[in-house]
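Chains: A, B, C and D, in written order; residue numbering restarts at 1 for each.
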Amino acid sequence: MGCNMHKKFKYILMFFLLLAVISASACIDGDEDGTAKGADSEVSSPELSVGISTDVNNWYLDKFPDGDGRFVWSQIYETLVRLDPDLNIVPGLAESWETPDDGKTWIFRLREGITFHDGTPFDADAVVFSYTEQAYVTQAVLRPIKSVETVDSRTVKFVLAKPMPLPFYLTHVAWPIMSPSCVDAEGNFVSPVGTGPFKFESRTRDQEIVLSKNEKYWGTEPELEKVTFKVIPEASTRVMALETGEVDMILKVPEYDVSRLETKEGIEVYRKLTTFTDFLQFNCEKVPFSEKAVRQSVACAIDTELITSEVLKGIGQAAKGRAYSPVMMYSNPELEPRSRDLEKAKTLLSDAGWKDSDGDRIVEKDGKPLKVTLLVSKGVWASRHSPMAQAIQAELAEAGIATEIEFLEGGAITQLENAGDFDMILRTGYFVWGPYPKHFFVHHSMAPYSHYSNATYDELVNAADMTADEDKQRELYYALQDFVLEEVPAFYLVHEEKIVAANSYVKGYTISSEDPWLNLEGVYIEEE
Amino acid sequence: MWNYIAKRLLLIFVVIFGVTLVTFSAMYLAPGDPAEVIALARYGQDLSAEQIEAVRAAEGLDSPVHIQYLTWFEHVLRLDFGKSVISSDDILEEILFRLPATAELALASLFLSLIIAIPAGVLSALKQNSLLDNACVFTSLLGVSIPNFWLGLFLIWLFALKLPLLPSYGYGNLENLVLPTLTLGTSMAAVTTRLTRSSMLEVLKQEYIVAARARGLDERSILFRHALKNALLPVLTFAGMQLGYLLGGAVIVETIFSWPGLGKLLVDSIFARDFALVQGCVLFIAILFSLSSLAVDILYAVLDPRIRYDRHD
Amino acid sequence: MTDMTESRCINMTEKTAEKMTGEISEKKTGKKAEKTAGKMIGNIAGIMIGNIAGKMIGNITRKKQVQEFRKNRLAVLGVLLIAFLAFLALFAPLVSPHDPLEQKLERGLEGPSLEYPFGTDNLGRCIFSRVVYGTQVSLGIGVLVVTATSIAGTLLGILSGYKGGLFDEIVMRGVDIVLAFPNIILALVIAGLLGSGFFNVVLALSLTQWPVYTRLVRAQVLSLKKQAFVEAARALRASNFYIMRRHILPNCMGSVVVLGTLEIAHVIIFAAALSFLGLGIPMPTAEWGSMLKEGIPYLLSAPHLTFFPGLMIMLTVLAFNFAGDGLRDCLDTGTGVMA
Amino acid sequence: MSLLSVEALNVSFRTGRGLVKANEGIFLEIKEGEVLALIGETGCGKTTFGKALLRLLSKNVMIKGRILFRGRDLLALSRNEMRQLRGKEIGIVLQNPSLALNPVLSIGDQLAEVYRSHEGCGKKEAEKKAGEMLGLVGIDPSRKAEYPHQFSGGMLQRVMVALGLALRPALLIADEPTRGLDLQTKQQIADLISGLVKQEASALLLITHDLEVAEQIADRAAVMYAGEIVETGKAREIFSNPGHPYTRALLEALPENGLRAVPGQGPSFVNPPSGCRFHPRCAFGTESCQKIRPRLLELEGERQVRCLLFESTGKPEEIPDDAAKS
């Protein structure tokens, strides 16, 4: 081996290595440049980047906006009626409303002088447009709407088939007021045009959505020039992105990161109890959960307090079977919730004939062991569900119930659910709109996803929904809460907290209890 | 050579046909009624039996399996991969939308791995049994043994969390590319280093290297003209296989780094039980892989005169 | 014997190459090899316990190769590690201080301590115990898949190479088709469709890994077929079955053992990757891949959740790679770097 | 005057199994323009000797002694000087041309490379010279773009000869140039080499186990056994009147002499036999052969023999003829 060659080869190698190092450092340099640029632009124009978990796949009223799309919608679109951070009803695009006949007819008086982002005037026609036949809300949610009529350019009349607290329903950001100019002459969707504080600028699929300030906003003028929503599906990645300064604010902070972020300098964590409550839904149409005793045994076996304090690190509030979060309307503060009672859980099972006769620590009845499946959404909505499910599994095992956990995407769960091919589902508190206790419909026998049928329950729900009398309504909803606690069509686990975290240079943010709403009013970036 | 290429082409058609059969039949492993799945996505949760049956008829799911396969195959030939069951997007469009991200990641990783592996492997072989060589052998074995999902997490921990230098997720900028490429590229570099080293050792043992030296050629041209050219041929053939490694590794790396590529699409669609999309993805990946192996084989034939001028085969 | 020793030293003996191959092949078919052939299948499973591998090599060839293997320090380290892991797997209940499934919610995310050597995870489970029990799952999958695929793949390879013709054509196209799906993708889809579970993972990996053996064995059979001792046996009208069993199988075993050892490493990584993606072993079973996945949220606050399972995967894979490399070097089978 | 003079050359390899002594105590001389045949059984160390001259052996080699080429000790040259000498002053035709040619370079390239490397020729000129050289060894220059695997064995050997003689070296070492060729081709190659060597006035060291070829073209011959030279002398005399028992045995193995192979196996290079290395296979061996290591005896007429039988009388005639045939 020539020594000459060695030298030459060394040089060549050095060259290659140098090349590698340079290209690597170029990347790192690039990063530094990027940060520097970001810092520069922060000074010149206040911008906010927000990490969200899903892209916005739908911008039009014909579909329900999935996932975190609603946070983006709430910047572009507005509703007739709004909720304040503590869930009190306040005027939105409508400045006032009245019901002359106890809930069957609702007349909304609209604010004046508002225009959509593209200059189209906001008037009664736009409201009618937003609640036409093709709108998702009129098809799926507000089926009792008989007509939406223009009284004059500033007045709209909703006529319903039965009395309903319509303003509550209209607070939901998923059915806001859209400009008729959202669609072309053929009725095909063109672009999102609303009245909100920010207007749509651009979207890069699965990556980001850029909004810019609506200069003509009717309300408080936004401090921010630009808002960028960055799509970061994994919760932990979102947290990292916040910590590394890739984004200024993140939504849906996972519970396990909260305490760390709270103590971390330069990061502010905002928390507020929401109307959502995680629950364990049973398939009451199928053995074993068709037996009330088994459901009750599950309810006794699970320690929601321990789960909340340890698994969720004290984020949220243990529900202990109580269906309603304390911030909900008609939530009964005197309700005596369940607490863990393993002995009772076992007794309930053995009284119902479930006994462990073969010593495998799993109870049987008629030779069939009590083995159940628990479906858990793998989706981006609730990263807390995986450890929760495992904790539940362990607690149920102590009572003699064997649980198999299956992680699936939401769609797949729906599929199994429809086929009735499941025993339990761990759910987030969905179908909650604002503080109004519409959620009880979930266990109504007419609901396709109910898997529970009980005439008494159905009657209570129907009556509560129909009555306009507040005291009567409260009484009925209290009764429903007692009923759910006792009969256990579902076992309510944790009242969810909404958690938003932001870098501390993001100022002026007020967190709202209403979940899919991000209020950026008054938010500004503090310059260093 | 043309014979060789023709043979390979013929083979690739047989293989792709087989691949379609496998992909199609794999879907029958899945539990559940496909008609119901589609109906669910189309009409929502409130399903009636009539709706399901209507879907079954409309989608041809009531015909015998072989007819279903032929219909599906015919569509595939016309580059119609069908529509996603969940989002009802066109599957091929969706795949092609995701393809650039995966291609970017794969090419960058391939580049990185070669830049590390070829010099390392060559140097290691030249200094066989030296400290450097031993270090190289050990490191590459270590590199082969580190699962890339662990390596990815480690890189995130170090570069994104401990010393926040690089982003841990996302796509679009150069700095987004760094960590995924490091994850995928270095583990591949380990494999390639091993291959380059052993190939180079093999070549250096050859008599024609001694012969070249005996003719008084300088070491530089012996190394670059005589040794490297021969040693890199197997490395090139291996690049075909590596593409498979890249595509497989991409599934994991894309998941870790939220990289919007084909691999993530595949995993997401598996969890969403969007079997049509799973089918489309797998088929596309397999065809892509087969075609690139073919390309590598042809390239090999062009580069290696033993095949290029072989008139018999 | 002495002749061989010397001829190995330098390239001065021109005939060396031919001589050596001829001799090895003949000696391999000697008595010892015949005895071993029958036990071979059982022995493959026995790779798990490292020293058996050593014994086997001794049986197939010569003590010298065992010595050579012993000289390869990394290989010895690999075998020792495998033995240690096998020990952990077999005696997991004795080794682990806690029940791997037992949760102490109030003691979650604790760092390493005397009570919990590797700390606890988010649900207060002992990571050390989980890691130890994880050995059972990973080695179990590795050994099961490799046993199944090496037997099936080798048989197909021998039949295909020996018989040739249409059968060969069909088998080889099957091999091509399965190998047309890159790396882990097919296993991923099969596992995804079947749903998670131990046996589904084994099935998914088995369905995708057999062609590796078939391809290797077939190539060897094709070259063995031309060797004098096989032709001689044929001239003596030995039955095809006899030739395959007595002459071909034993001569393929060396490279199958090497490939199998390296494949265990692959399979273990693949299985962990499936679990990492959530398509493998269902929770709460202690499995390294899913432990890693569960630890991701705590990457910064409690890195020990991801560190130890990952380390175990790496050590296990490294052990099998060391052993496989060492085996290949001393058996000198042309399995190739990638095997 | 001698062109190449090898003095007390020892070549050994360090291996895992001990020191392998491939060449021991070799003294050899080649004069300008002379053809010297180095003969011996396969595996006796001939090839090692040829490669040792050009320092082409693997890294684990130890070479002692002196190799004087035109007065310069090759073992003392720097790597670069050695490189310049290779091919230019001493050419070598390695055995087995199908392995010694690079499969991925065309033969024209491999030949032109020699000119470019040593003479600093431009691309065109080098190619022209390569074409001429191919013509000289009887290959159609139009085939220069072809690759080694496209040539037959005989043609490849011609390519090797062209490569060895490309720079008209003063000494050509040809290692088994006729091995593995059929009779007719063998003859052609032998004629080609001897013809070219004469034409270029080069000396030739012909390393071969083929005694017929050696007899045909060699001026002098040296016989090697177990890494030692056991006999040297004029080729004609050695072949007509072999001295060393081993040389006799070799000649008896020739077809025309009855095809009697040398009995026994080649000896170990790690632990060579005591005394005379040939004694275990020698038909005339005595007890003292096992103990006394014979030296290379200078006999009359430039003859050297390493055998105890000659020690007392110094005359080869003393070997009893009948004993040799028993």
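Just so we're on the same page, a residue touches a chain if its C-beta (ideal position, glycine included) is under 8 Å from a C-beta of that chain, and two chains touch if they have at least 3 such contacts.
Just so we're clear, the structure is a prediction, and the values are computed from it rather than from any experiment.
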Farthest chain (mean CA position) relative to chain B: D
Between B-D and B-C, the pair with more C-beta contacts: B-C
Distance from chain C to chain B - Cα centre to Cα centre, in angstrom: 23
Distance between the centres, which are taken as Cα means, of chain D and chain B, whole angstrom: 53
Inter-chain centre distance, chain A versus chain B - centres from mean C-alpha coordinates, in Å: 37
For chain A paired with chain D, centre-to-centre distance based on mean C-alpha positions, whole Å: 88
Residues of chain B engaged with two or more neighbouring chains: 156, 161, 218-219, 271
Numbers and ranges of chain A residues touching at least 2 other chains: 1-2, 4, 234, 240, 243, 378, 407
Interface hub residues of chain C, defined as touching at least two other chains: 195, 278, 296, 299-300
Touching residues (chain side chain D, partner chain B) in the complex: 51, 54, 56, 83-88, 91-92, 94, 96, 99-106, 113-114, 117-118, 146-147, 149-150, 163, 166
Chain B contact footprint on chain A (complex, rising order): 1-2, 4-6, 8-9, 12-13, 16-17, 19-20, 24, 26-28, 30-31, 34, 57, 204-207, 230, 232-234, 237, 240-241, 243-246, 378, 407-412, 414-419, 448-449
Residues of chain A defined as touching chain C within the complex: 234-236, 240, 243, 254, 256-257, 260, 306-307, 309-311, 378, 383, 386-387, 389-391, 393-394, 404-407
Interface residues, chain B side, partner chain C - complex: 11, 14-16, 18-19, 21-22, 26-27, 29-31, 138, 141-142, 144-147, 149-150, 153-154, 156-157, 161, 191, 194-195, 198, 238, 241, 243-249, 251-252, 255, 266-267, 270-271, 275, 278, 282, 285-286, 289-290
Residues on chain B engaged by chain D in the complex (per definition of touch): 206-208, 210-219, 221, 225-226, 229-230, 233, 303-306, 309-310
